[in-house]
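Just below sit the structures, each encoded as structure tokens.
Across the two complexes that follow, chain A remains constant while its partner is chain B and subsequently chain C.
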Partner chain A sequence: MLNHKKLIVSHAPFWHDGSSITDRSYHTMLAAMPAVLFGIFTYGMPALGVVSLSISFAIIWEFLINKITKRTISIGDGNAALIGLLFGMLLPATSPWWLVITGTFVAVVIGKHIYGGIGGNPFNPVLIGFAILMVAWKDYFDFNEVLVNYDLGFAMVYPLAAVKHLGTSGIEAFSTTDLLLGQQSGGIGSTFGLGLIIGGIYLILRGFIRWEISVSFLAGIGLTALMFNMSDPSHYASPVFHLLTGYTLIGAFFLAAEDSSSPVNFIPMLIYGAGAGVMTVLIRNLGSYVDGVVFAILLMNLINPICDKIRPKALGKVV
Partner chain B sequence: MIKRSFIGLTKPLLKYEALDVSTPEPSVIQPSKKVTLFLDKVFDFKDKILFNIGDKVKTGQKLSYSENSDAYVISTVTGTISSIAPFNADYGKTYTAITIDVSENEEIDEQFSTLVKEPDIDTVKDSLAFIPGNLPAGLFPSTDASPPIETIVISGVDCDLFITTNQNTVLVDGQAVKHGVKILKQITGIDNIIIVSSDHLMQDAGISGAEVRVVDPEYPASLPHLIMRDVLGQVVPAGKNCEDMGVSFISAEAVASIGKAFTEGQIPLYKHFNLIKKDGSSTLISARIGTPISDILNAFDVTLNEKDRLIIGGPMTGSTVYSEDFPIQPDTDAIMVQDRGNIPFVSDYPCINCGECVRICPASIPINVLVRFLEAGQYEEAADQYDLYSCIECGLCSFVCVSKMPVFHYIKLAKYELGRITTAEATNA
Partner chain C sequence: MTPKREMQIAYILIVVLLFVGVISYAAFPAKTPDEPIRLMYKTVAGKVLFDHKTHSADSGYGLACAECHHHPEEPEEGQTANVSCGDCHQTLEKDQKWPESCLDCHEAEDLEESEMTKKSDAFHSQCESCHQEVEAGPEEERCNWCHVM
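So, the complex of A and B:
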């Protein structure tokens, strides 16, 4: 066979649907934009500083790790930038620079790369970074303390802290509309409920996150909160309040649904989401932390591999 | 190329090409200089091969490999054998490639015409293994071990996207299929013959006289394992094939070829297939088995450039070849040309656990876990715990993989490697 044209030889299939990790990362960042921009608009330059620093350092850490471990440079896939962005969104605008740098280091290096990089992490890297910082430097995450110097035209108390300490009488000032429109204190990108919901719906429709996880998470929070609320309305806030405060919405759409640390099968996704939702409210209402989203999701990350074993029987499987 | 839709929440919809009545006759292309025939036998210089370079052969002449082997090909042209060489195909498959230079005057070999009076199983086995559409070996199980075939399923649908070969047979060759069905019944004694067809060709499929069943028009519904499950209601256990369940699949084109062989007294030579061009258009073509692909491409002014891709078969399950000299074979259903600019890139990224593959897999395989074992070369665990052998080879997992991993290739490779280990163990034992 004498023919010297070099053809590409490879394996089926010869089509690809065009999806990519890069696409996923950037669209997730795009979906986060309404909430992030709102945060920057509300808290001004410091917020912009925190978010930019967080994204930059997440990328820098990723780059350095790639270099040190002599792997292909993977910052182009946008995953590091996404970790940085989400991490920044959780932080208060007043976070000092070293906190951001340390946090992104923990997230990218400890949360992601020691497990072999993207796809290998059993926990959500952003939450690993955040949880470790929160335990180590508690005071920087007390929103009432750190945001005390802001006067933004709404009560500068962290809603979840208010309900924890004062019961429902402490949160009468927060109307649902205010909460949806971000008239509450909190993390830079975590307060604008409507923006997060719009971003989440976008991600669900585009298929970048799974609705099963987001919906069951919200349902878990709603139902558990409702039970508490019914048992003691003066003490425990309403489901709506729980759904629109703290990290609930960013958790539902941007954190719980992270690919590597969440299940892929239908029933496990529901269990995982609902479990995280229930845990969140339990921690909020009974635990010592004001918000439970971070630990609740991390906890469910832990059981994700076992949970994901509940799956349909493969075709022709002989048991 | 079909891309993910903007709304990515739902699964991508891959429709089979639906042939309609207005489709033009296939264009007939003749081999210009030579044909190459692949004889299904490992070539060995020490073997006493029954034909030689320089031998003259007639159209329809049977070329048997050796006294000790049943393997043969049917020459599809009149001419002179110009080369005999080994040919290595994908996944360790080897053939003896016989090239015949075509001479001008065609002479038809008469041997087969003397056999057509009384169709019997031996005539079919001994003369029709090389017919267009491919005669499945499983149709005639060797008496030992394998269970008898009780049902024959004629595939009036095509196995991959863009292909219309079998549909075309159902549509225009109804009478030949009917005759083929009659002969199949007669020689095998099997009464249970089913023809599966797409909804819009049901009427035409009915002409065959076989029982008509409808198959979904959506990929991968026409793969044999899914037809078994969805149409016949029998699930093939993982690692087994349809023949093990007593069901043999045969393409409508092959049945029509059998029919024609006996009515015309000549072994059919022309294979139908689709040429899928770089722009994604698909044309039905008829050419002699053995015709080099280059002849087809020339006839349609398709130019191949450096780094383009040439595929035998459809976009989901075909296989690439490295040369335009590769011939049309009895089972070639399509030739697909892909421009280098359109070749999807395969990355070395790991699985990110997005689950897209799991949601699309028709066999419900936990691919997100399986692929981790395959990447690590742990094929046995993959087979024992993560359902490697349930895979029915549709290719959808690679198609949707966000990491662009060659998942399907890993799966095929794993099966191939495990197969080799088993064979080696069996021979050493």
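So, the complex of A and C:
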């Protein structure tokens, strides 16, 4: 048995395959571009302001915290820029500047650097920043309220709020095609379903995110929403509606699959993704929040270390 | 990409996007239209989203402005014709008979005999009477038809 050579490792020097965190960060940002550009096109200059300020301040906070803690300046890896972009994508276009600056501070400093920087964060930094702000200033995240001055030619009521308060009779104006093509109100980069799906497929094909997490997250949402829908179709929306509204798609491809806060083994990835999906629909349908993606993923971030205890047994045994 | 190049890109992103962000916020603030599109009323019983455009536009219910904005009935020259509901129908302090905004146009002694309908009563009566007239009214104890609870 011991003579079987399963892995042969040659001595140094090794050849680096060229992949890097920087590549990963900027490719993820590239994948988010269709959705971001659509959001900027839809909401105009205010949306551009939010996204730009969010990215630049996320990098600035990382630079400052590196300086203060006397660590190597890590802004070159693009991770801070990515956090800023994703945070900006979740925000409404009318977010005030101080909300963006505070949010990026919480995301980068409290969500990431307190835990030792990239790779050490147990929670998704973007979601930590977003959740803290959403609890602190909830009115700024009520899309029905903050977007009252926008008239974009489609039903401007926030779809998830409509179904929560009015039941399925309140969402008859939304067709699947419209939702897929971003004809709905919401976060700057969270409404263009088709763009997010294209970005997600790109990330999966390039190996930047694990398909197991995204697919199980979507399946968790779909199946749970289906059960609710079958039990009471007048109150609970269809699975397709849940899959195309709120933060579902940005959550599946850009938030849940964040590497440091998600599992690495096959079964744990499925548990993590499906668990977040189930929790999302439970919060949406039974909880007090309109959307549940943010808290559902954070909750599954919490059990991620336990999930990863389920792992393949090591070959052989020590006597 | 060399580490030096990576840092250069990060610095460029900071400078360019900070510039774009500041300019966007400073030069292109979110506009408030002259005529409201939607209004969000915050009440103690939950928010109420009112679609102003659907009520006023010809493609919607096509209501005349004066059907809701009833004061002043005959505006004088230079006077604002459509006073916002909340300008007059306010939640008044104890011992306050009318809101301060009345004094913008009226003398205090002219208001001695008048009494202002309080905000919640004015809104409930205005919305409900019209909605019930067209049989789209909220049913008894169905506050959540309008109030987000």
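What we mean here is this: the second predicted complex is superposed on the first by the 303 of 319 C-alpha atoms of A that agree within 3 Å, B and C clash if a C-alpha of one lies under 4 Å from a C-alpha of the other, contacts with A are read in each partner's own complex, and residues count from 1 in each chain.
By definition in this document, a contact is a pair of C-beta atoms (placed from the backbone, for glycine too) under 8 Å apart; a residue touches a chain by one contact, two chains touch by 3 or more.
Please read these numbers as outputs of a predicted model, since none were measured by experiment.
By the touch criterion defined above, A:168 lies against neither chain B nor chain C after alignment on the C-alpha atoms of chain A. In the superposed pair of complexes, A:20 makes contact with chain B and with chain C alike. When both complexes are overlaid on chain A, the residue A:94 reaches chain C alone and has no touch with chain B.
By the touch criterion defined above, A:60 lies against chain C but remains apart from chain B after alignment on the C-alpha atoms of chain A.
In the superposition on chain A, contact of A:151 is made with chain C only, not with chain B. In the superposition on chain A, A:102 makes contact with neither chain B nor chain C. Among chain B and chain C, the chain that touches a larger number of residues in chain A is B. 20, 77 are the residues of chain A that lie in the contact sets of both chain B and chain C, per the superposition on chain A. Residues 20, 22-23, 44-46, 48-50, 52-57, 59-60, 63, 73, 75-78, 80-81, 93-94, 97, 142, 144-145, 148-151, 156-157, 161, 165 of chain A are the ones touching chain C in the complex. Only residues 1, 3, 6-7, 9-11, 13-18, 20-25, 27-33, 36-40, 47, 49, 53, 144, 148-149 of chain C touch chain A when the two sit together in their complex.
Listing the residues of chain A that touch chain B in their complex gives 1-3, 5-21, 24, 72, 77, 116-120, 204-208, 210-211, 259-260, 262-265, 308, 311-318. The part of chain B that touches chain A in the complex is made up of residues 1-4, 6-10, 12, 225, 229, 235-240, 294, 304-311, 313, 315-326, 336, 338, 340, 343-344, 346, 348-356, 358-359, 362-366, 368, 387, 389-390, 392, 395-396, 398-404, 406, 408-409, 412.
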